[in-house]
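Okay, structure first, notes after.
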Amino acid sequence: MATINKRLKDIKRVIVVVGGKGGVGKSLIATTLSLVLSKRGHSVGLLDLDFHGPSCHTILDAKGVMPTEGEGIIPPEIHGIKLMSVVYYVGEKPLPLRGTEISNVFTELLAITKWGRTDYLIVDAPPGMGEEILDVIRLMKKGEFLIVTTPSNLALKTMSRLVKLLLEIRVPVLGIVENMRITKTKLTEELAKGLDIKYLGYVSFDYNLEGCISNPKKLLKTKFADNVKNILKVV
Amino acid sequence: MATINKRLKDIKRVIVVVGGKGGVGKSLIATTLSLVLSKRGHSVGLLDLDFHGPSCHTILDAKGVMPTEGEGIIPPEIHGIKLMSVVYYVGEKPLPLRGTEISNVFTELLAITKWGRTDYLIVDAPPGMGEEILDVIRLMKKGEFLIVTTPSNLALKTMSRLVKLLLEIRVPVLGIVENMRITKTKLTEELAKGLDIKYLGYVSFDYNLEGCISNPKKLLKTKFADNVKNILKVV
Amino acid sequence: MHEWALAEGVISTILTVAKKKDAKEITEAEIKIGCLQQIDENIFTTAFRELVKHTPLEKTKIKLKNEEAYFKCRTCELEWNLTNTTNALGREESEAIHFIPELAHTFIRCPRCGSPDFAVTRGRGIWVEHIKILK
Amino acid sequence: MHEWALAEGVISTILTVAKKKDAKEITEAEIKIGCLQQIDENIFTTAFRELVKHTPLEKTKIKLKNEEAYFKCRTCELEWNLTNTTNALGREESEAIHFIPELAHTFIRCPRCGSPDFAVTRGRGIWVEHIKILK
């Protein structure tokens, strides 16, 4: 614990991208947010906490890079972002882990990674509200939660469960991003109101996005990235 | 263990709907599959294993029903399907659970639920390959795995990890369903070939689907349901 | 009452243990009942006696003992027991925990810091503490 | 070599324990090293000695002891130890486990049934076994 706090000491803000539901765009938003912040001159770290389905390295097209060692582990910079992920060590192989094991991996990553002076550490969380989320709450006291959802009833319901929990235990919630909007609906905005948290705006469904995965330069030029920049203005 | 095996004894087939990735349509496909099989006269059970984001009850519009007690727990029938879910007990409230706790809930559910004579038990799995998936493998020896993915590179990569694991430990894999296809691509089919498992066909992105969630009758009339029926022919 | 399901589980455990020990007869079984689940002892006993008819456990005596439920908070490390739990449980909440003890994480909070992230350290479930056998 | 990070962790543990015990001086610390992680003892010792300069641990002796790594399969219940592991680990695989012991679940399988679902029962990580103090 003392070691972990020391490692996180020089980080100004920790933004945890969560959703409860899977496939709502957490990884794409977390990574795009990192790219945008980095382009603006901030020093940015990105921690991929989805050990069963890491995605940030794919979006950033991180290939042939490894962390360097030296009194700890220093994550490599990819397109200006210090990315930490289990993928450096397991590649494309499966990493089946039970809960306590997930907790151990997370603790270990926090204890050995040297982020150095960092303006923003973006944490890309997996779906659910299990081991990883409970450990972020327990171990990263600086964490501010950014909620991502789609306007689908199934996503909204699962997201609500998570938000209720976060509000109950009084961790900072930055607000809700509505992602993959196809047609206009007020559902997300109304739910945000009902939960008494900020509605941060929407990101449209972008049919060209798939072609920009693994190409950060193109990704930054999409309508998706423009939408994400608008969200950033509000946060 | 002995109790669990006894409870599952009278079930002919156990189909576990997995994907590794979240939001690829596991719950909608698992539930629609259940509805279709039930309409054809089979006796069908549906077990919602996504404790952090249960969805099957929403899709089936299960309201005001509860399991009945009698030498165990008998799940209520909703549109002909025996649905078991933690939602009966927690409602809309969050259920934050760590790994061992998830494992305990699952074991408990299997031990107390009386499915009775059942042709198909459909298991709707959560994303990942953690506690729930490892426990399905450990406790439900009859399980046959139906893989759901979208043609997105991010989903395909995560799905591959899971499939590699399932194949390595030699559990039955029925094949891959490609869901939410918008434009034609061969990616999923080729990946299936590369992994040496069956490509079961695709389900198109259905813009009218959202309006049919919580309305099983309408759901069965969608193009989505037609696509699911085609998949069923191959399984 | 799913006490029947619980009795079935206990019976199969006793039989497995007895077999491992090469028992000829099982004279007595001590069964521990964790208080978290609020198992009805009368129903449990009835279920047990009914289910062991015409089995090797027909004459086995059972002793039921309780174990208080204890929790430990993973956030602030407080330990507390069920009877101290500040937010008294309603009927439906008790019922939920009766079926699946882990649902406590929906309804119970650490009385000091309010965290839902706690472990049930004692008093969960029902288990066979020991059996007396003849060889 | 992240042995430096490990040494930092061990040092902060020793200091916390010593404070709890109201120690005036810490004369010795026994440190257990789980074999799973294959920690380099020379680098660890160098790091430790370097990091404790000008701290209350400057004169503390350290004793390093090893603990063999043991696994238990959750599928077939086999217990085995690292040296028995059939699929010999390559350099990159060892390296991965060196950083994060749980990555064993990618590279190690139960030698009997092939399952990746096993527990590391002993020999994980590095920890302070006990300390000798003066009050």
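Note that the chains are named A, B, C and D in the order they appear, and that numbering of residues resets to 1 at the start of each chain.
Simple rule for what comes next: a contact is a pair of C-beta atoms (placed from the backbone, for glycine too) under 8 Å apart; a residue touches a chain by one contact, two chains touch by 3 or more.
Remember, predicted model here, so these are calculated numbers, not experimental data.
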- Task: Name the chain whose C-alpha centroid is most distant from the C-alpha centroid of chain D.
- Result: B
- Any idea how many Å lie between the Cα centroids of chain C and chain D? 37
- Report, in whole Å, the distance between the mean C-alpha point of chain A and the mean C-alpha point of chain C. 40
- Could you grab the centroid distance between chain A and chain B? Build each centroid from C-alpha atoms only and quote it in angstrom. 27
- Query: How many Å are there between the centre of chain B and the centre of chain C, using C-alpha atoms for each centre?
  - Reply: 30
- Query: Could you say which residues in chain C touch two or more other chains, in rising order?
  - Reply: 116-117
- Query: Multi-chain contacts in chain B: which residues touch at least two other chains?
  - Reply: 93-98, 101-102, 134, 165, 168
- Query: According to the definition of touch, which chains form touching pairs?
  - Reply: A-B, A-C, A-D, B-C, B-D
- Quick one: which bits of chain A touch chain D in the complex? Just the residue numbers, please. 2-3, 6, 69-73, 86, 89-90, 93-98, 101-102, 104-105, 108-109, 111-112, 114
- Residues of chain D touching chain A in the complex: 1-2, 4-6, 8-9, 12-13, 16, 47, 95-96, 99-103, 105-107, 116-117, 124
- Task: Could you pull out which chain B residues touch chain A in their complex?
- Result: 20-24, 27-28, 52-53, 55, 58-59, 92-103, 126-131, 133-134, 150, 152-155, 157-158, 160-162, 164-165, 168, 182, 207, 210, 213-214
- Note on the structure: Counting only contacts in the complex, chain A reaches chain C at residues 134, 137-138, 165, 168-170
- Query: If you look only at chain C, which of its residues touch chain A in the complex?
  - Reply: 74-75, 114-117
